[in-house]
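Have a look at these structures, which come just after this line.
One chain, subunit A, appears in both complexes that follow, with subunit B as partner in the first and subunit C in the second.
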Partner chain A sequence: MTEDKSQHNGEGADAENIRVGVYICHCGGNISDTVEIERVVEAAAKMPSVVVARRNMFMCSDPGQSMIEEDIRTERLNRVVVGACSPSLHELTFRGVLTRAGINPYLFENANLREQVSWVSKGDPTGATDKAIRLVGAAVAKARLLRPLEPIRLEATPRVVVIGGGLTGLRCALDLARLDLDVTLLEEQPFLGGHLAELGQVYPSDKPAREILGELIREVSAHPRICILTSAEVIEASGCVGTFLLKVRAAGEMETQCFSAERIAADLASRAHGPNGDHHNDGAGTTELEIQAGMAVLATGFDHYTPSQGEYGYEEHPGIITLPALIRELESGGLGSGPPALNGRPINSIGFIHCVGSRELDGVHDQNGKTELNHYCSRVCCTSALWAAKQLQARYPDLQIYDFHKDIRTYGHGHEDIYEDTAKSGVIFCRFADTAPPKVTVTESDPPLMISLKDELTFNEEIDVPVDLVVLVTGMVPHAIDNLVDMLKLPRSADRFLQEVHPKLRPVEMAVNGVLIAGCCQAPLDSVESAAAASAAAAKAAALLGKGYIEREPFVARVDQALCNGTSACVEECKYNQAVSLVETAGGARKAQVNAAICCGCGMCAAVCPTGAIQVDGWRLDQFDAMIDALLVNY
Partner chain B sequence: MEKQNIKTDVLIIGGGIAGLQAALDLGDQGFSVLIVEKEASIGGRMINLSKVFPTLDCSSCICTPKMAAAAHHDKISIMTLAQPTNVEHQGAGFAVTVREQPRYLNAEDCTGCRLCEYACPVDLVHEVEGNLGARKAIYVPFNNAIPQVALLDMDNCIMCGACEKACPTHCIDYLQEPREHTIEAGAIIVATGLDLAPMDVKAEYGGGKLVNVLHGLQVERLLAPHGPYGRVLRPSDGKVPDTVAYIQCAGSRDHSIGIPYCSRVCCMYAIKQAMLLSGALPLVEVFIYYMDIRAFGKGFEEFYQNAKAMGIEFIKAKVAQITEDEHRNPVLRYEDQVTGRVEERAHDLVVLSQGVVPAWDPRAVLPVEVGGDGFIAAANENVAPCRTSITGVFAAGVATGPKDIPDSIVQAGAAAAEAAAYLRGNDKVESITTADRPAQRPVEVG
Partner chain C sequence: MTAGNSGRKPMILILATEACAYPGADNTGQIHAEYSTNAYVVRVPAPVQFNEEFYLRCFDKGIDGILVMTCGHECPYAGAYDRTAQRIGRVHELMKERGLDTRRLRICAICTVCSKAYLKEVKAMVELVSQEQAAAVGGS
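Coming up: the complex of A and B.
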C-alpha cells in the first residue's frame, strides 16, 4: 500500500479543477456511537481533491443541508460526498441540495456508514472507524470521476390501467378519472364489485354493500374517462413506466357504455346469492386488444381461505361451514324467517372459531397438504365474525352464540362497540391459547357437534361445548395472480401478498416503477382501508403522469461508438426486451444502441463487452477501479 | 396586530406525517399548499419516536427526509406556531383566520446557531423529551426540527438579556406580537393528529404522579439514540431497570374515563419498545399485561411472535391498581386471568401504554361532524373515509381515528386525491350519459 496520492488520480479528474466536500453524519448517535466521527473527518480532509470536511448531528436535517449548500457556493465545490445512512434513504435529499446550490445533482456520492458500518460493527469501534474512513476514501475517489448527467425524460401516456374491479379498483378508477386521467378498468369476472358484493349490511356504516357498490359502479360506468372491460385477462405485458403495453383478452362484448341501474342491481344481487349465481354473460367469442398506459394499479384483491378437508371437521358434517358461507345464508334468507334452521336442521346454538387459516404456527398447525402456513393475521375476520353474530342476535334473539378466539381484534372505528354489543346481548366468549386450538368432533347426540378446548377465561378449564352449527372464521389469502407477477416482475412478501416498496413510508408503491398496489392484494384490509389506499394510489399516479412526462434516473448503459465492434455480446446478454440492439450506422458498420426507456442499468452488458465500449453511466469501470484502489489507502 | 393575506390552493392544518404526506402528494400534482402547524417544528409525533414497528426503522431517519422534502418543495409553504381561529366559506373555497404566536425573534435572521441557548441561564423541563430532559427558556426545539430556528418561552424568560447579547445576527425581539393571517384556500385538509389519553383522571394508576410510571412517548425518548439520558434509566434514581412492565389499554377500552374505543397502536408500540428495551439492556425482563394483543397489520403478527420468542412475557391480566413501595418501585395489583389469582408484583419501571385522543376539537372553528369518540367522522366511511361533512374539507391521519404511520400516510394520499379532484371541479359526476362518452376503445389487435 502506498501513501502516494498522485497514483490515485484517475485520468479525467485532472482535466477540471475538482473540489470535493466531505460531510459525515452522526445520525444522532446511530453512527457516532460506534464510529469515531472526528477521526473520519480528519482523514477525509487529507484525501485527494478534498477542500472541506465537516460533520453534523443529522446531515439530512435543515442545518446539515444548508451547510453543504453554503459550502458549494463559498468553497466552489463541484463534487459532494456524504457519509451517512444508506443511499436508499437520502441520496435524493442530497442530490436536491446540489441542485439548489446550482450544480449538477449527479455529482454527489454517498458512503453508507450506518447500515454497512456502525450497525454491523457495534462491538468494534476501532475497526468500524477504519472501515468508515476507507469507504469515504472510495466515495471520494469515485466522486472525482463523476460526470454531470441529465435525467432521462420519457413520454407519459395519461392513461392508467386498473387491474381488478372490486371496491378498491372501482374507487381507484373513479379517483383517477376525477384527477383527469383516462382509465381502463380490467375485471376478470363478468361482473364488478369483488368480494364486497357477497356481503349484506357492512360495518362500520351499517349500509347494505349493494347500495355502496351500486352507487360506485354507477359513477364509474358513467364516467367518460373510464373504459371497463369485464371477463378480461391480461395475457402479455411489456414496456415500462410511461408506456406500459398490455395485451388483454376479454371474453364477450366490450363494456364501453354505462351500465344501467337494473344491470348493476341484478349483478350485485346474483353475487350476494352465491359464487355461482346467475350472472350476466355478454355473449360468446373473445377479443384481444392492446392497451397503452403510463401506469398500472393492481387491485386484484383476496380469496377466502378454504379449510382443508378435516380441518376443524370441515366437510365432515353439513353443520360445519365458513364465515363467508354463513354470511351468504344470512343474506339469502337461508336460515329462515322463523326459528333458524339450515337445510332443514334447526339451529339453536352456533360456535364461531376464529383464526382458521390465519395466525398459524409452525409445529402447532397441521400443514394439511398446504405448501405454507399462514402466519399473518387476516385483520378483518374478528370484526366480521362479531358483526355477523350481531346480525344473528338481532334476527334470532333465542339463538345461543359462542365465540372461540385467541384475541379479539376489534381495532377499528366502531369495532369495539360491535364487540361490546354482542357481549351484552349474550354471546359467550371463550379463549384458547395460540398453541392449543380447539377441536371439533361430530357426535351422535343432539346437538351433533362438539367444540373442545382449554378455556383461558375460566382459568384453563377443559370445556366441551355442544353446538348445532360451527362457523369457521376463515381469513384471507391473496388472489392467485401468478401470471401478472411473472409478467410485471412484482415482488411479494413472505406472506405471499404483494410487497410495497417501503412498508412505512410508501405503502401504495411497488419496487417496479410505475406499478402501484391498493386494497387486499397487498394485505388483508377492510373496505374503509381499501378505499383509502385506492385514492392514495390515484394521487400518486396523478403526480407522476400529470406533467405529461416522467423523469428517470440516468443510470443506464451508454455505448462509445468508437470502441464498439458490433460483436452483439451485449445484445445476447441483455435480460430486458429490446433494451439494447444492433443498428446499422452511416458507415455501414453495426453498432450497439441502447433504449434508455427500457434499460435498467443492471450492467450485464458492460460485463461481457470485450472492448469496454458499453458502460453504465454513474457506475463506469474507471470509477470502480479508482474506488478499489482508494480502499487500500491508509489515512 | 399585523395582518397578512395569503392565497393557497390547499390549507393543511397540522404538520405531522399525515399533513406532510398530503402536502407532498398535492405539491407533486402542482397545487400550492400551506401547512399550518401549532408547534415550533413540523414532524408531529413521528419525529420524536425511537424506531417504528414492525420494521424497526429509525423513526427520525425516515421522517426527516419527508420534513425536508416538504420544506424544500417549491409548492409548499409552512407556518409554525400557528393555529386556525376561524373558518368561513368564500365561494367554493374558504377564508381562514390563522393566529401565529411570536417566537420573539426574527425567524428570517435566525441561523439556528444556538448561541442564545448556550447563553440562557434558565433551565426548564423539555416537553419534547417527555419532560425527562432539560431545555433553556430560548431554544431550538430539537436537533432535526424544521425550521431550525430558536423560540423564546416568554412565560419563563427572566428578561436578563443574555440571549440578545449572544445573538450574532441580533434577531431577538422581546416585543414581538402575535400575528394574524387570512388564508384564502380552495380546500382544507385537517391532519391534527393525536394526544395521549389523559391519565390524571385515572386515580387507580397513580393519576400521573408516580415517578417511575412513564407513558409510551417518554419511553420512545429514552430509547432514541439521541434521547434525554442517552440510555435507558428510570427517573427516580437513575437505576438501570431490571424489570419493566407494560400496562395495555391504559386509557383505551375504558368506559370509566370515557374512552371506550381501541387506540390501535398501543399493542404494537409496547411490543416494539419491549424488543428495543431487550436490545438496549440485555438483562432486562419485560412483562406485558394485556387483554387482547391486537397485532392486526401487515407483518404485525409475525412481529408479535418474534417478541414472544425473544422471551418477552405476555400476561393476560387487567391491572386494577398501581401503588409504590418504599424504593419507589411501582407495584401492580392484578388478577391473572389464566390462574385466577389476584397477584401483587413490583417492577423497577412501569409503562402505561396510553391510548390516543384527538389533539384538536375542530368544532368551534370548523364545524365538521365529529363522532362520539371525538374524532372527525367520515360522511361515507366505507367508500370515502377522508371526506368530512363539509364539502371541500377533508381529513387524514389520526384526526379521523387512531392509526399507525402507514395507515396515516395512506389516508393522507386519499385526502390529497379528494382535495385535488375537488379543486379540479370534478367532485361529483352528475348525470353523464352514454352519449357524452367519447370513444375510449383501446386498439384492437390480431
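Coming up: the complex of A and C.
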C-alpha cells in the first residue's frame, strides 16, 4: 500500500473515501454487565465515516475476527476500531486481522472499554456507557486520520558487541555465539570474570566461583565466533541499530584470544587478592580498532559500595571492614587455619551490620554529608552475609557471630535455608529500626569495638555488643560508565542503574534501539538472575538479528518537507545523535530529515517545530486534537 | 449529536504514557477499583510531544482538568521527562495570564502498578474541577 500524499496533514480524512468499521466486544459480560453495548453500537453508527457498527460476545474469538475480516472485504472498510479490552492484550491480534483481509495493519485503533471503563465503573452504568461512547468516538476520530505505515526495515550486521566480561557478559557472549552470531566481548580490565571472580564458594550451588567462571571462560575463549578484547575501552560510538560503529582502544592482541587453561587459572587465582588482582600483562602498547555490530549488550555490572570515612566507624579501626573484604580474607585464608585472627589480632566475635549503603532514608542517612542516597535494596547482601556467616561457623565453631539487621531479605530459591541454618547453629540476630541504625564505637577495652542499638526483637531493649570485628554488609552501586551513557544516550533510572523500557514487557531492552542490558548494570542481581538476564538478552538479540535485517514499529518522527522551514529547532531539541538532521534538498533549501533507524519516537521534536512539519507517525498532533474534539461530542 | 461542554459533567483528560501510566491505569481496572466516569485516558508515547498551545487548546475546547501522567524519572526517553516538566511550568504561566486556575493542569509520575497513586490523582482532580464548576454555576 502506498502513501497517499493528500493525507499528509490528516486533511485527507474527508478527501479519501474513509470507511470505518466499529466493533464492540461484550467480553463475555466483563464489559456488557456494566456498559450498555447496544447504546454504544447505535451511537457508533452515527459517527463520521462509520459504515458498519457491530458487536460480538468475544471480538478476539475466531467468529469475532472473521466478522471484521468479512466486513473489510464486503463493506470495503479501510479503517477498523475495536472497543474491547486494553490494547496491550489484542492490538496485535486485530492488526493481524487487517493484514489477513488485505489492508494495512496500522489502520486499526482500539478503544479500551474493559480495563478503563467497565471494570472501574461498576457503580455508574449510565456514566460508563456515556464514557464508552466518547472513547469509541475518540478512537473513530483518530482512525479517520490514520495512514498506512510500513515497519522500518534496517540492514543488520550479524555481530553483537558485548560490553563487560563479567558473568553476565560471558554468559551472553556464549549464548549469542551458539545462536550463530559473531560476538566481540569487550572488557576494560586485563582479565575476565568481573566481581564473581573475587568470591569463593558461592550460594546457591556452593561451587567455587572460580570453577563456574573457569568453565565459562574456557568455552568463551575457545569459541570461534567470539573475539575477546581485554583492557579495552570504548572511545567513540556512532551509528544505530543494525550498524553500530564503536571505536575501541585496547591493550595487547586484537585477534581472537584463546585463553590457555593456565592463564585462566592464574587470572582467576590472582583475583582473590582484590578487585584489581595481580594482573596479567597482555603485551605492550595500545591499539585502536573499529567494530561494527548490529546490536550492543551492556553488561557493565556494579561496584561495591564504599562507606565514607566514619560511616559506622569505617576506616577508624582496622577491625571495621566491609563484607567483600571479609570474603576476600576468607578466600585467601587470611583468618588463619587455627583460631581466627586478622592481622595478628585474635577474632572471637564478629558483628555483621546490614544495609550499609542500601535502603538509605532521607533524613537518616544523609547526616554525614552524603549527597546521593541509595534508596534501593541491593538484594544479594542479606544472603551473602549469612552465607559468609555460615562458612565462618563451619571453619571456626567457637566464633560468636551477631547479625544486626532491619530486615532479612533472603528472597531467592534456597536462600531461606541458609538463614535457617545460621540461626540454628548459633548466630544471634538483633533488629534495629529503619530510622535508628546501630552505632559503632572504638573503645579502649577488649574487644575493642562496640555496637549499640535498640533491639526490636527484645522489645527495644538498648544493648551494647562488644566485638572484635565489625563487618559492614555493603551493597552495590552501578559501575561508573558515564562515557558510554553520554555516547549512546542511555537512560538511567532514579537509582542510577541503567533503565529498561519496561520491567515486564521489555525487560532487557533500552529505549535506544538496538541496545540491550543484562546483569548488575540494570539492578542488583545475584549470579543466577544475572545469568538469566544474559540469556534473555542473547535470545532477544538473536531474534532481532537472525533474519539479517531488523524490523521496527514505524512509530518514528516524519518530516513534511513542504511545511519544514529548516529552522533546526528539532535538531537542537533532539537528544539522540543524528536522529534528525538538516539536509540540502534539490531546490537548495535546508530541510529536516529523520533517520528512522535512530529515532526513538518520543516526539520531543514535534513540540518545538514552529510549523508542525515534524510529527510522530501513528501519534500525530492532529490525531490527538481530533480525539479530544470527539471526546466532547454528545451522541 | 452536539459538541462543546456546557451544562454537563466536568471532563478530565488523562494523558498517560504508554510505558508506565497507561499500564498503571489498566492495573487499576484489573484490581476493579472504581473511579469517576469523567476521567478519559488517552495513550501517548511521551507527553513531551505536546506544545504549550495544545494544553491551552484543550481548555478552550472545554476540557476541565488535565492530568499528565508520566513515567517520571523512569522515563525511557532521554531528557523527555525534564522537558515535559519544564513545559508544564510554562503552560502554568500562560494559564495565569489567562486567568485559568493552574491546578487544572497537573503533572505526576505513575508506574505500571501505581493504582493507589493513580486513583488519588484522579480523585483530587475530579474534586477540584467539580468544585470549580459548582462555584461557576453558583456565581453566574
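Basically, the second predicted complex is superposed on the first by the 419 of 635 C-alpha atoms of A that agree within 3 Å, B and C clash if a C-alpha of one lies under 4 Å from a C-alpha of the other, contacts with A are read in each partner's own complex, and residues count from 1 in each chain.
To be clear about the criterion, a residue touches a chain if its C-beta (ideal position, glycine included) is under 8 Å from a C-beta of that chain, and two chains touch if they have at least 3 such contacts.
Note that the coordinates shown come from a computational prediction; the quantities given were computed from them, not determined experimentally.
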Go through the superposed model and pick first if A:87 touches only subunit B, second if only subunit C, both, or neither. second
First (subunit B), second (subunit C), both or neither touched by A:634: second
Between subunit B (first) and subunit C (second), which, if any, makes contact with A:138: first, second, both or neither? second
Which partner does A:95 reach: the first (subunit B), the second (subunit C), both, or neither? neither
Identify the partner contact of A:540: answer first if only subunit B is touched, second if only subunit C is, both if each is, neither if none is. first
With both complexes superposed on chain A, which partner does A:503 reach: first (subunit B), second (subunit C), both or neither? both
So, A:493: does it touch subunit B (first), subunit C (second), both, or neither? both
Using the superposition on chain A described above, determine whether A:523 touches subunit B (first), subunit C (second), both, or neither. first
So in the superposed three-chain picture, is A:19 touching just subunit B, just subunit C, both, or none of them (first/second/both/neither)? neither
Looking at subunit A, does subunit C or subunit B touch more of its residues? B
Let me check the overlay on chain A: which residues of subunit A are in contact with subunit B and also with subunit C? 493-494, 503-505
Contact set on subunit A toward subunit C in their complex: 46, 86-88, 112, 114-117, 119-124, 127-128, 130-131, 134-135, 138, 489-491, 493-494, 499-505, 510-512, 555, 573, 575-576, 600-604, 606-608, 616, 619, 621, 624-625, 627-629, 631-635
Subunit A-facing residues of subunit B, complex: 25-26, 28-30, 52, 54-55, 57-58, 60-62, 64-66, 68-69, 71-72, 112, 143-148, 224-226, 230, 253, 260-262, 264, 292-302, 305, 316, 337-340, 371, 373, 375, 378, 380-386, 400-401, 405-407, 409-414, 416-418, 420-421, 424, 426-427, 429, 432-434, 436-438, 440-446
If we count contacts the way the header does, which residues on subunit C are in touch with subunit A in the complex? 1-5, 8-9, 11, 13, 19-20, 23, 25-26, 28-30, 32-38, 40-46, 48-51, 54, 57-58, 61-63, 72-80, 83, 87, 112
Touching residues of subunit A toward subunit B in the complex: what are they? 27-30, 33, 57-58, 60-63, 65-66, 85, 89-90, 92-93, 96, 100, 167, 171, 175, 177-180, 182, 184, 202, 204-205, 207, 212, 215-216, 219, 222-227, 247-248, 254, 256-258, 287-292, 359, 361, 375-377, 379, 407-413, 415-417, 420, 456-457, 459-460, 493-495, 497, 503-508, 522-523, 527-529, 531-540, 542-544, 546-547
